[in-house]
Amino acid sequence: GELTHLNAAGEAQMVDVSAKPETSREARAQAILSTTDEVLNLLTQGGLPKGDALAVARVAGIMAAKKTSELIPLCHPLALSKASVDFELAADSITVVATVRTRGVTGVEMEALTSASVAALTLYDMIKAVDKAAEIGQVKLLSKSGGKSGDFRAAGYPAEGDAR
Amino acid sequence: GELTHLNAAGEAQMVDVSAKPETSREARAQAILSTTDEVLNLLTQGGLPKGDALAVARVAGIMAAKKTSELIPLCHPLALSKASVDFELAADSITVVATVRTRGVTGVEMEALTSASVAALTLYDMIKAVDKAAEIGQVKLLSKSGGKSGDFRAAGYPAEGDAR
Amino acid sequence: GELTHLNAAGEAQMVDVSAKPETSREARAQAILSTTDEVLNLLTQGGLPKGDALAVARVAGIMAAKKTSELIPLCHPLALSKASVDFELAADSITVVATVRTRGVTGVEMEALTSASVAALTLYDMIKAVDKAAEIGQVKLLSKSGGKSGDFRAAGYPAEGDAR
Amino acid sequence: GELTHLNAAGEAQMVDVSAKPETSREARAQAILSTTDEVLNLLTQGGLPKGDALAVARVAGIMAAKKTSELIPLCHPLALSKASVDFELAADSITVVATVRTRGVTGVEMEALTSASVAALTLYDMIKAVDKAAEIGQVKLLSKSGGKSGDFRAAGYPAEGDAR
Amino acid sequence: GELTHLNAAGEAQMVDVSAKPETSREARAQAILSTTDEVLNLLTQGGLPKGDALAVARVAGIMAAKKTSELIPLCHPLALSKASVDFELAADSITVVATVRTRGVTGVEMEALTSASVAALTLYDMIKAVDKAAEIGQVKLLSKSGGKSGDFRAAGYPAEGDAR
Amino acid sequence: GELTHLNAAGEAQMVDVSAKPETSREARAQAILSTTDEVLNLLTQGGLPKGDALAVARVAGIMAAKKTSELIPLCHPLALSKASVDFELAADSITVVATVRTRGVTGVEMEALTSASVAALTLYDMIKAVDKAAEIGQVKLLSKSGGKSGDFRAAGYPAEGDAR
């Protein structure tokens, strides 16, 4: 293995993808915000969204997917064909799952990870007045399809019976 | 406690801070990228940076700090007076620590968290060709000073004897 | 009267405001989306928001307020201290009202107008599959306070008894 | 009819367009700035542009077309193949007409509407020192061609004898 | 002398300016586009602007001044209080002069240089169909005032009798 | 010859490229920063990069290539397929060479020129505390291939024996 983003001299570059074929690609990533159940109840009520809180984080995640190549220096700009953000609510945590699709020459792993991260950061922003110690973790790629490097599925994803 | 970013009707808003005094504020946040030691050696050599890898992530983190209010919908724009990103290398992980300072009316917690997150995502981007299963975790505020809400220090931070 | 943004030779410039004092300033602007009552029911239900529709437009308006100086070429960048977007629902129209505040050297009329316009455009985006003929009108400044040029209030605003 | 941007649960998403074919698409939209004839004379002279005023608004409109997917949260990013902004001067109003073209999988209605709106807001910015009560109205789609949903033409557009 | 943007370990940082006082600062910079006199006549006519060409470059330069801290990684964001771009036309070259002012804690040299550079690149963009060999040179700081480091004036600037 | 970006009335436009075929295109451009040899030693040591200095400029140049259509008003947005920045160190100057590739309908000359310019400006930013009189020059297109207008090569480029 070697780092594709550095040349032989160790210099960073946005690698040449001009010879790669356009294919349909999808990536899904997650980020989990852990807080207390009291705080979680401020964001949701009995599992239902309360006010705009989740919608704000969802919009932030979708818009961040579109900004990925501005944030990650060596990432290629891509015309995204789909972006969505879902939330799975537990007693004291929210799992953000971002799904991004493109028909292009590079994958959308970074778009999905950036989307999930920014949605989780936006949730943190809304609760930080009451829980500065909340933490974001398990930011990882869940699955990826399309492209030469083949499909990827995180260990244990999806859980059995998962209808996604 | 209540969510400051939602009004009584549950509607999102960028809250009014026009009456708050300008003070010096600092926040420090971390994000930890976990991978394998083989992969970590591709990024560094014996603890020393190899090529541009860490520099690229550092620049990405600093630039992301400046973009925070474009990413986090209800975050106030701020004129940052300092931003830096440090890396602590372990055998199979890199801890990103972002420090941001301002002289303003709101804190810079979101700037520090966004900076650390984007630097970690940039590291992931550079290693994803060899380790798609790498994961980012423990994204959290380490410390905060300045402002009416007082100082904050994460449990166990800094570790004893820490010279920071 | 003369156009402040053009010099004597008719050349555009971002005028010098370095000698102006910082004061508290607020502006409020509106934009009205006119559609059919069938379509309006898709966005709301009996006057209550349905799903994320209004929240998405609200977030778009707040974020646009922060982007104003990137969009309007001769507009000074400003650190906004507040931004909010409200909706008033009628049978076949939605009035968007954006309120922006700053403590700065220039007014925030353009921020309020841009915020209201982008929120209304976002509503149009969500209904355009069912009503391409919907129209945005009465985009105007409702009120402005602070600054040397004094206060402004649009004719007939606020309506009598208005509690705003 | 239903809102394409909200899923069955009412959650916002950037809808999947990855299966749509690329076709040539065009959209044309307008926005009308109404002011007084005295003020209009400051922007133009006998129907001719005076100084940079109209050029500044034209550039703002063209650049805004390119920024549309950053402003409208659920709008797909598109590689525009043409953008232009025209002005029709009347005694006390300026009609902004924006035309946008792409070869892509989604239409460019939002790009044309955003372009016309921002050009009109830029004109307002230049005259607001002399006419804060100026108003922008009749922001609407004039025509659209290409794509599965077929062509659209606003009622009464173009006016008979219109050479466009 | 030492490089302020690298710490002792050679790591890049946005240096801490939180203790610096706010003062009025101005910087002026130039960039010169060299082409042929035939091409220059396409941009201007007898020294007068022809169509929108110079206005487009002027707007581009002013907007670029506002984007400087997004482009130059270690540059502090600043609230500019003035930005203007002037052109001096010679037989086969155009000198772009950008002037930027702020009331802040850091200087605006980078804003002036970025503004002049982008205005010159915009001129090149407009003539490249007829003169790809045109060249931009003498991009340099002309003068700077305000701030602890004192005033600066480029050798031979301004030329004697210069009324600027 | 005529200016493609202005129509017959002299009005700026982003010209229609919707009928142009997608081809592989590449452009290479340079910018040269001239300073003193003492200052150059602060950026490099014996020809080797010192700390992050060159990496920061390289990242800035690559990111600027992606921002070109936001900076140059009439430039079409393009999905870049490659971007790299190289430095050639002389005793008292650094030559920045930027290479950009796309598979698209317009060329990438402006992307390469913008990339080289911003990398050079970033170098200036890092040395300006010690040499405000440093100057950027010879900003020009070195070569271009692909597209209807044919290939271009600057006079004397590449120098004989150049392996590029």
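General remarks:
Here the chain labels run A, B, C, D, E and F in written order, and each chain numbers its own residues starting at 1.
As a working rule, contacts are C-beta pairs under 8 Å (C-beta built on N, C-alpha and C of every residue); 3 or more make two chains touch, one makes a residue touch a chain.
Computed from a predicted structure; not experimentally measured.
Least step count on the touch graph, subunit C to subunit F: 2.
Traced through touching neighbours, the fewest hops from subunit B to subunit E number 1.
By residue number, over half of the touching pairs seen at B-E are also found at C-E, the match among E-F, A-C or C-E. Taking each chain's centre as the mean of its CA atoms, F is the chain most distant from subunit C.
Bringing subunit A onto subunit C by least-squares fit of CA atoms involves turning it by 180°, to the nearest 5. Averaging C-alpha coordinates per chain places the centre of subunit A 17 Å away from that of subunit B.
Separating the centre of subunit A from that of subunit F, both taken as means of CA atoms, is a distance of 32 Å.
In subunit E, 11-12, 52, 55-56, 58-60, 63, 67, 70, 73-74, 79 are the positions where the chain touches two or more neighbouring chains simultaneously.
Taken as a contact graph, with one node per protein chain and an edge wherever two chains touch, the assembly fits none of the named shapes, being neither a line, a ring, a star nor a complete graph.
In summary, the structure contains touching chain pairs A-B, A-C, A-D, A-F, B-C, B-E, B-F, C-D, C-E, D-E, D-F, E-F.
Of all residues in subunit F, only 1-6, 9-12, 38-39, 42-43, 50-53, 55-56, 59-60, 63-64, 67, 70-75, 109-110, 113-114, 117-118, 120-122, 124-141, 144, 149, 152, 154-155 touch subunit E in the complex they form.
Residues of subunit C that touch subunit E in their complex: 7, 11-18, 69-70, 73-74, 76-79, 104-105. Looking at the complex, you find that subunit C touches subunit B at residues 24, 55, 58-59, 62-63, 65-67, 79-86, 101-103. Taken together, the subunit B residues at the contact with subunit F in this complex read 52, 55-56, 58-60, 63.
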